[in-house]
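First chain written, first letter: the chains are A, B, C, D and E, and each begins at residue 1.
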């Protein structure tokens, strides 16, 4: 579905990465690895058409992404390396906003179910800024479920999470892939998932 | 030097942790472990006299910390779980501010040396907000060196760091401990350091 | 009189008071309105607009009284560390605000025929509008601060500072030259107002006070209950 | 249909972000009225001065409050990454800037507008003048919102653009204010002046999405 | 010695932080002058009215623009955690609030103060009056900075209604404005009024560190 050919990126005149090829489709997981500053985040943003590659082309369903941008964006969820929930609002209010913004058809019951798996169900009326770091991160990952899209793009999804939560996220990834979803994510940790393709970025 | 006896903390009426005992002195490292939301950050903040324990006493050099607060704060560095550098300024400007605020006597040459070990020396005139996540975190850890204190309190120092940087930080910890410093930090990862005491917080 | 400073006692006493208060409110309101609208004479100067007085004056008094009550309870809450004071403060503020608003609106309506404008910046009117602002800010404080302890202290301090305004309102008509009527009834000497107007005024005042007290009691009771739950 | 629903939902979010309820709106309005009080305390309560100054006072307050709230325009959403999330969910940058401009108009300027009648009573502004004031205010404040959108999206870029953005707002808002205030005080050519204002509004409203959208895009790329 | 050095270094930091906001300050000042033009425009250029109203208008504009800039007082340092770092490095919360108040006075009010002479020329305020204005403004704006410190540290505890702090400051500044404007226009009792102002300043300056310090502490605990 997603095909990136020989993409190279320059930022402020500096070359960040060069000649990267990516091919992603149903049931596939790609993990991006590399040192700090090797360009993982930049690569993900390039794939998302937020940054423009200085050379190389990216296709979605056979068309160049910027020509097919609506369909592309309709099919992907991006979890950035920072949390985007509104810190002065409660979890419940955030969920309500997300459901509306994403025109989500995931029911509240399902969401509550997942919250209780993530052990967040007790905090529903607490504000985000009183959550612990890991709890905030887990809550952010809830967007994967609420948006309910096919293609997941995640930037360091495991940071700040405890062992159990990492396991849950990995299981979620597997379930998603088994439902023909596909995932690309960056991480410094090695996840416990089989059959993932690794792309290693070298700091130039 | 630091002694915490039976400290218990409540936040917004909820019990976060209970009856924790800590004893820290020259050459010792304590690692705090526990699930997300088990109260690691809160415990560190309690030790720092930022949060008040609902029961229990904390001593520094034999005196209650709040009676000895100047000496206590003169001897510790706290690296929080978020970065505190000023994002709209460059690394160099931040270093300058830090050196002044902390009345540091660490020379610029030493700092440059460490920056090059951390592979940050090329970014000296770049703004913090253009650094990658891991680079920002490494830069924050530079405060350990600039402040040059005996007692280090760190909240999840390894998040977002690549393998090599983690090694460097671990080595820094060891060096510090060998110089009679002492450290308490929280982490979800197991560091590769021998002779660390573990305190495990259970989510109640 | 312990019930005035103790939540449990207050709860108990208020249970006894509610029914009579409802009765008094309804009865006096009906009688008062009858008097005010039909039985009392028209003023030889003001015509029938004088009837606005029966709303205006009682609500003005209640507006002032409520703030006075809050001031007293702020002292009780702060100096004697009795949280019941803060409960009263929170419950009573919106009542004061509403009666202040009634006072201002009825005054403006009265002012148009009497003075030819809705509003002038004389001392009485200005200080009452500042009273209204104080009420609003106290309500905002109560609504927007999360930490209970902080909220209570801040609003109590604010009330204490705001109470400086009360004597200004009361004596503004004497201290400065104003358009507004000086006090008539509160003078120690014989009131300079016709007895046929005084009767409905007093009846309406009693009705207003009992209505205000009723709402206050209900709000305090709910406040007590929610606190116990938290 | 889906598009309309999206826009409605966007405003639900804006409402939640900007105001946590009726009390925030009331606080805004209270602020406005206290400012009027302060003006009156400082220039004195004489009727003639007040009705002379009234229009100027109202416009100044509008200008100050809307300018100073501009910093928040895109800043928060930009910094916490919501802007990207919105963008990836089908809100193009142009659409975002249109919606945000309207939202600024609605949540910041609208409360002021609603309090104009009451303020006019306090400041002894005649009914006719109030009507004119209201009309010019609606148009003028919308222009200010558009200008604000452009300048604060520029502000996201970097320091040099910061100055540029601010200067731009200044340069454009001076004629608007002169027009609007003049409009009310010089009653002869009310209609021609208001037409000029409407023209300005249309131009700037058309430029706004492109300019702001481009700045937003660049800002996100540079971050 | 070490203490003094620390304080100097604190101001080095403040300077660095605030300098990037210099355009903000410039914008504020420009808008300040625009507002003055609005008034000249709406009052008409008659010298008598202008100089009569001038002092009041200047004071109000100064007050409003400085109040509205209060949001930045502690917010940034609080949110990015610098406040804790400073605290752990020997700056008690009380000290921080004193230093910050002075810094606010310096970086926000001072530029306005510098523009008083120019504004006075525009509004035809006599040299003597200008001198009085200046004096009263120095004292008054310092009081405002203290009030601002208290209210914005309070506002850290209140994450919803960000205007509430400004509203509180405005209410408290009513007496200040009455005194200050009275000071200049009623020349008989200049000295007694300025003594009252100075008294107010001393009281509030003494309260400020405790009140702000306590609020800062609580805010950090609740975060």
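Descriptive notes on the structure:
The criterion applied here is as follows: contacts are C-beta pairs under 8 Å (C-beta built on N, C-alpha and C of every residue); 3 or more make two chains touch, one makes a residue touch a chain.
On a predicted model such as this, the values are computed, not experimentally measured, just so you know.
Within the contact network of the assembly, the step distance from chain A to chain C comes to 2. Taken together, chain C and chain E share the touching chains D. Taking each chain's centre as the mean of its CA atoms, B is the chain most distant from chain D.
Looking at which two chains touch through the most C-beta pairs, you get D-E. When each chain is reduced to the average of its Cα atoms, C sits farthest from chain A. Per the C-alpha superposition, chain A sits rotated 180 degrees relative to chain B, a value rounded to a multiple of 5. As a whole-number value, the distance joining the C-alpha centres of chain B and chain E reads 37 Å. For the pair chain A and chain E, the distance between mean C-alpha positions equals 45 Å. The set of chain E residues touching two or more other chains comprises 20, 159-161, 164, 167, 171, 174, 222. Multi-chain contact residues, meaning those touching two or more other chains, occur in chain B at positions 130.
For chain C, the set of residues that touch two or more other chains comprises 130, 133, 137, 140, 143-144.
Of all the residues in chain C, the ones that touch chain D in their complex are 108, 117-122, 126, 129-130, 133, 136-137, 139-140, 143-144. Across the interface of their complex, chain D is touched by residues 20, 23-24, 26-28, 30-31, 34-35, 37-39, 41-44, 49, 52-53, 55-57, 59-61, 63-65, 68-69, 160-161, 163-164, 166-167, 170-171, 173-174, 177-178, 181 of chain E.
Listed in rising order, the residues of chain A touching chain D in the complex are 48, 50-52, 70, 73-74, 76-78, 80, 82-84, 86-89, 93, 97, 100-103, 143, 147.
Contact residues of chain E toward chain A in the complex are 159-160, 222-223. Residues 2, 5-6, 9-10, 12-13, 16-17, 20, 80-82, 84-90, 220-221 of chain E are the ones touching chain B in the complex.
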